[in-house]
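What follows are several structures.
In what follows, subunit A forms one complex with subunit B and a second complex with subunit C.
And now, the complex of A and B:
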């Protein structure tokens, strides 16, 4: 029987709540040192990504989120056995611990801002044309070609400048309540901002109120897609050197701890 | 009203897919025997996600609903 992995939590005892995951299997915690890997048994690796399975995975992670700090694991992660799980936990232990500490008591919120790109561009063009009316120019083809290129450049530049200005304003509303954030500008012409914010639990009300404030700011044609609270999917940072311990003092501390834990885990798993 | 509920569910599903299939702890190496082959599917989902704005255009009113409310 293989183990399907949902998340890593800052808890090393058994979960008291009954949670059922993929294939209707019981979800339980496998302790490793002072943290735990939440799994359920699964008969075979995940072959198909179905809406139902994804939602079941997410439901388990959200139930964990209610009681623990959780590092959500990507859908479809399966390990062969407990031994392999322990090996993985040992390799990633330091990463898991630092992420659990960083994300403790924090939630993720997503904000997508859609703006009327066509109207914004049309407005930019209108203003530029107005300015150009005062400028005399000859109509030679080469000069017109250069002018058209330059005009497109000016439009694009102004479009981006406007995007930057709006994103700055939006971020003023939300950013002050966030511990961390990731902002992506203009993924598409209309998707002005795709942002995720990491927010402390006791600031989530303020954060939600910020949405109301920005709605009241009344930018015509703007639409806001707000989602959350989520487990901190976007803020888990794993170093590429997982398992390769470099700092000597920290290395010794962690290796000591892992050795002690392995003894405990070995005793428990017999 | 129904369309708002449906829309919020659709958007919520896209938000879930975006996270569950592509974010979080991604374990690499020989320990993990199987990570679902989601990349190709996700490519499709990215297209779907960017089409949220198209959906918004078609349906008019903005979606504003925390995920918890959408459930």
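And now, the complex of A and C:
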């Protein structure tokens, strides 16, 4: 029987709470020195990322999160034996310990912001048109090409500058309650911000209230998606490359999937 | 068992659409199976050329903005960039590639463009 790995925790005894994971199997802790690897037995490796399996994985990690500091492990991580698990734990023990200490008592929250990109762009064009000189039609094709490109360049530059200004404002609301943050700008024209914040547990109420404050600031056309608390998927830092812990792309994929699944089934959404 | 994290938004469909859009334009790997190897490799090569083309274009725009190009230089740069763009369009058409496909996700390093 193989072992499906959910996370590394700062606890080296057996978990007293009954937790069931993938395939309905009992979830238990395998101690290594003063930390532990939380696993369940699984009959075969995970081949497909299904919504159900992602939610089950996430739910186990969240349950652990209630009582321990957790380093969430990449979805679908299966080890063949206890020996293989111990070997991995030995290799990464120092990394695990430092991350567990850094992430102790902290939670991850996600903020996504959609802005009215079309309107913003239209405004920029309107303002630029006021001051611009018209492109002279008797210019050579290559010069006209440059002039057209330059117009687009000015619009894009201003669009990006506006995006940066709004992101700065949004970050003022949330950033003051965060220990760490990762902000991604303009993943699409409309998706102004895709951010994750690492927040201390005793500041999560303030952080949540920041959402209400920014909504009250009433930026027309802005829409917000708030999610969390999540395990610190995006804030685990390893000193060397590992396939075990979550990388940011897979993390985002998982969080997006969980977010979508939860919102669609209405699970705990406000 | 259902996860307990809260998801709060008043525009769920829009967010799902944008998330999907962001993912769609970022293939994680080159498609190099036997049937599509040619297209897969063309995509990789054209992505790199497109990156260089965009860098050249951006640098040219910065110089135009700074006013550091003479009329003659603007002519030359314009002609070069125009020809490069036309050639890229031809190649994209030959290999059936769209603009948004010419990007790569570099994992922890982010997106190429």
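Following the convention adopted for this analysis, the second predicted complex is superposed on the first by the 226 of 270 C-alpha atoms of A that agree within 3 Å, B and C clash if a C-alpha of one lies under 4 Å from a C-alpha of the other, contacts with A are read in each partner's own complex, and residues count from 1 in each chain.
The rule is short, and it goes like this: a residue touches a chain if its C-beta (ideal position, glycine included) is under 8 Å from a C-beta of that chain, and two chains touch if they have at least 3 such contacts.
The shown structure was predicted, so the numbers you read here are calculated from the model rather than taken from an experiment.
Participant: Once chain A of both complexes is superposed, is A:211 in touch with subunit B (first), subunit C (second), both, or neither?
Facilitator: Both partners, subunit B and subunit C.
Participant: Considering only touches as defined above, state whether A:8 meets subunit B (first), subunit C (second), both or neither.
Facilitator: In the superposition, A:8 touches subunit B alone.
Participant: Touching A:164 in the superposition: subunit B (first), subunit C (second), both, neither?
Facilitator: Neither subunit B nor subunit C is touched by A:164.
Participant: Go through the superposed model and pick first if A:146 touches only subunit B, second if only subunit C, both, or neither.
Facilitator: second
Participant: A:114 contacts which: subunit B (first), subunit C (second), both, neither?
Facilitator: In the superposition, A:114 touches subunit B and subunit C alike.
Participant: Answer with first, second, both or neither: which of subunit B and subunit C does A:229 touch in the superposed model?
Facilitator: So A:229 meets both subunit B and subunit C here.
Participant: Taking the superposition as given, does A:50 touch the first partner, subunit B, the second, subunit C, both, or neither?
Facilitator: neither
Participant: For A:188, using the defined touch cut-off, is the partner it touches subunit B, subunit C, both, or neither? Pick first, second, both or neither.
Facilitator: In the superposition, A:188 contacts both subunit B and subunit C.
Participant: Considering only touches as defined above, state whether A:20 meets subunit B (first), subunit C (second), both or neither.
Facilitator: After superposing on A, A:20 lies in contact with subunit C but is clear of subunit B.
Participant: Give me the intersection of subunit A's contacts with subunit B and its contacts with subunit C, in residue numbers.
Facilitator: In subunit A, residues 55, 58, 112, 114, 187-188, 190-191, 211, 223-230 are touched by subunit B and also by subunit C.
Participant: Can you list the residues on subunit C that touch subunit A in the complex?
Facilitator: By the definition above, subunit C touches subunit A via 1-12, 14-16, 18-19, 21-23, 28, 57-58, 60-61, 64-65, 74-79, 81-82, 105, 107-108.
Participant: Looking at the complex, which residues from subunit A come into contact with subunit C?
Facilitator: That would be residues 20, 55-56, 58-60, 62-63, 112, 114, 140-146, 149-150, 153-154, 187-188, 190-191, 194, 211, 223-230, 247-249, 253, 256, 258-260, 262-265, 267-270 of subunit A.
Participant: For the complex, give me every residue of subunit B touching subunit A.
Facilitator: 11-13, 15-17, 19-27, 29, 31-36, 38, 41, 50, 52-53, 56, 62-68, 70
Participant: So in the complex, the part of subunit A that touches subunit B is made up of which residues?
Facilitator: 2, 5, 7-8, 45-49, 51, 54-55, 57-58, 61, 71-80, 84-85, 87-88, 91-92, 96, 110, 112, 114, 187-188, 190-191, 208, 211, 215, 223-231, 233-234, 236, 238
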